[in-house]
C-alpha cells in the first residue's frame, strides 16, 4: 500500500503518541473490519452500511453501525464501494441516505483509530485522499442524492450531507454540527467549500468556528438543510420526493443537474487543502489534548458527550 | 428568416412528429398572432402584454393573455419589443411586471406550437436565441425590475421572475415551479444559472429536479422570492416600492446596480447551453410522450392540470 | 498629506460648494478630533471608540460617540488604529463590536464634514482609500469578528457589520439599512460586494436600491444578519459565543477561516470601485440637493429623521 504523505506523518504520529499515553487518540488498531465483503453489501441486514435497491431507479443507503454510526477508514472503504456501484449503474436516478441508529445519523469520524490508518489510504480516482475523493464523487454522481437526517449529523456526517444534493432534517430530532474547531482541529471533509456557498460566509463561519449544535429548525433558517420537517412526516416526505424523481426521465434529470453544477458546484481544488488542514491540525498537541479530554469524558461512546457534543467542546480548560 | 440550428432540428422534428400523431406537441400552427402591432402596445387594453407608463420613471408590464398567460414565440416577440422600449428610454427607473389573469402569472411556455416556430427565431442582439436573449437583457436593464406574482408562475413564468431584479409573491395565491423535468425536458430560460445563486445548490436542485409546486411562503423561506406578502397587501407593497425607487436619483440607482451585478450576475455564457439543452431534450421521445400525456389530461387548457401541475407530472406511467 | 485623487475632486467640490451655500453638506470643519491619542484607547471611558480587552483572546470594540455614533474621517482613523492593534496581537481570537449609544449602533458616515477631509486621506496598506481599506482588513483579520446590532446600523454601520464575520441583531431594537441610494448617492463601504454574496442578488438589490429600513427579524429572514435575538438575550448570546470561540484553539480557528474565505471572501478588487462610485455620486447636484433637504429636516441630529430615515429619503420632491 502506498502511504499517503507517510514520511511526514510518521514523524508527527510519534510526537502525538508520546503526548497521549493514557488515552491514545487515533492510535488503537482494529484492522479486522478492513476486509469488507463487497458481495454481501446489498443483501445483508447486518452490513454497517446497507445498500437497498428499492427499484432499478431508486436506491437507499442506510447507515447501520450502532451505537453511533462512526465512520472510520473501514467505513470509508465500504462507502466508496457503494459509490462505485452507483457510479457504474446506468439506471439509478435517485439515492436516499438515512440511518437505522436511534439518535445518530453519523456521529463523526473515528477518532480512536491510528491516524496512519487514515493517512495511509491510497488516493481515489480524483487523485485525492479517499475522504475528499468520496465527497467530490458523491457530489458529481449522475444520480440525485437526498440525505434524510434524524439524530446527530456531526463532522463527517454533516460533511456527507453537505456533499449530497439535498438535505432534509427532522425538526425535533436532528442535530447538525461541525464540532471540529471545538475539538482543536480543522474539519477535513470539505465543509469550508460547501457551507459558505449554501448559507453565506457569515453563517458558515458561525457554524464552523462557533462549532456548536444546530437543531433542524435553525438549520433550515440558515439554509444548512433544504427543509426541516416534523419527525413523523420526514420519512414519508423524503420517500415521496425520491419516488417522484425516480419516475422522471433520466436524461432531463442529468442534463439539468449538469447545468446547476456548472453554476454552483464547489471547485474540486478546495477539497484536498481541507483534508490536509485536518491532518495537520489534528496532530498538533493542542488538538490531541482536547480530543483526549473529550474521550476521557465519553467521546465516541454512547452517553451525554455524544448527545451534547456542542456543550462539551466548550468545557475544555487549557 | 434565418433558421436557428434549423438543419439538426428539422431531422429531430420529423422524429417527434411521427411519435405524436394524435396530439402533436409543439406541432399545431397559429401564425396569425405573430404579426404584433407594436404601435398599439402602450395603449390597447386588449394587448396580450400591456405596457403602461404610470409615470416617466415608473412603467408597468401586465400579462393579459387569458386564460393561462401562455408565452410562445409571438409573446416572446412582444416582450422583446417592450424590452427595447425600456432599453431605449432614458427616464424609466423601475418596471413592475404583473398579471390580470386570475390564477396565473404565466402558466408556462407554449407547448402546442410547432417547435420550429421557436427554433426558427432569429437570434437577438446578444447572439443568443430570443428566449435566453430576453432573459439576459431583462437582467441587464438599467431600470430596476420588480415581479409581482399572484397565481401560477411555472416554467418561463418562473424564469422571467428569476431574471428580473426582485420578486414578491402572494402568500395565499402564488405558486412557483420549474415543472419541466417532471414533463421530461430541461428548463430552457436559464433557471439553472439563476436559482443556485439565489437559493444555493441544494434548494435549486430540489426546485429544478423535484420539479414540484412551491407556494409563496415556502418560496420565501428558500429565497426563491424576496418576500411573500398577504395577498391583500401585495399590490400596495409592490406599488409603494416602485414609487419609492422611481423617486430616487437615476445615477445612484444605475451605478449601484452595476456593482451588485459585478458581484452576482449569472454569466451570460451559461444561458445558451440551457436553451440548447431544452431544445434537445424536448424533442426526445421520452419528453414527447410525457408532454402528450399531460396534454391529453388537460395541459394548456383551463382546469385541474394547470392548477395542480406538480401533481400531474408525477402521475406519468412509462 | 498626499491628496487622494485630489485634482479631480477639488474641481467637483467647487461645484458642490456653490450649490450648498445655506447648509453646506460635507463642508463644515472640525479638525480637532483628528489627533487621536492612541495611547488612551484601551483605557479611556470617554473614547469615541473604546477598546476593551476582556481577556487576552477576547476583545471588545464599543462605539461610544453619542448621540448618533456618526463615523467620519477622524473615527475612521481611530478604527484603523484599533484594527492595527488587533492585526498585531498574536493572542486575540475574537472581537465583538457593539455600541453604548441608545438607539444607534452607527447612524451613518459623517455627511457634514468637508468632503476633502474624506478624499484627502492617505491610502491604507491595501493601496485603497482608508474606508475600503478598513473594510477589507476587517474581513481579513485572523481574529473572528462578531457584530452585535442594537439600534440603527445604516450606511457605514451596515457596511462594517457586513465586512465583519458574523452579525447578530436585536429582534425589537435593530434597524439595518443602506439608505444611500435614497439620499442620491452610491454606498461607499462595499455593500455591493458583500450583500449579494450573503443574501442573493434579488434581496441585495431590494436592500440597496429600495434603500429602506430592515428590522432585525426581516434582516434574519433575508440573511442580512446571522440571526435576530430577543433584545434581552442578545448580549448574553453574543458574549457566550465570543467566550466559546475564545476558548478554542487558535490554529484551528485561523486555518478554518482561511478556507472559508477562499470559498467566499468578496474579491478586494470590487471595493475601491464602490468607494469611487460613492465619491463621484455624492458630489453630483442631485445628491447634494437630496442630502441638503435631509439635513434641513434634521439629518445628523437626534430626532425623527435619524430614527425613521427610510421614510424621509422617500419624501424628497425634485
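Labels A, B and C are assigned to the chains in the order they are written; within every chain, residues are numbered from 1.
In this text, a residue touches a chain if its C-beta (ideal position, glycine included) is under 8 Å from a C-beta of that chain, and two chains touch if they have at least 3 such contacts.
Chain-to-protein mapping (UniProt): A, B, C = Enoyl-CoA hydratase/isomerase family protein.
For clarity, every value in this text was computed on a predicted model and none was experimentally measured.
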Rotational angle, Cα trace of subunit A fitted to subunit B, multiple of 5°: 120
Copies subunit A and subunit C touch via same or different residues, half shared test: different
Subunit A and subunit C: spacing of chain centres that average the CA atoms, whole Å: 39
For subunit B, residues contacting two or more additional chains: 197, 199, 223
Footprint of subunit C on subunit A - complex, ascending: 180-182, 184-187, 192-193, 195-197, 199-206, 208-212, 221-223, 266, 270, 273-274, 277, 280-281, 284, 286-287, 290, 313-314, 316
Touching residues on subunit C, where the partner in the complex is subunit A: 144, 165-167, 197-199, 220, 223, 225-227, 241, 244-245, 247-249, 251-253, 255-257, 259-265
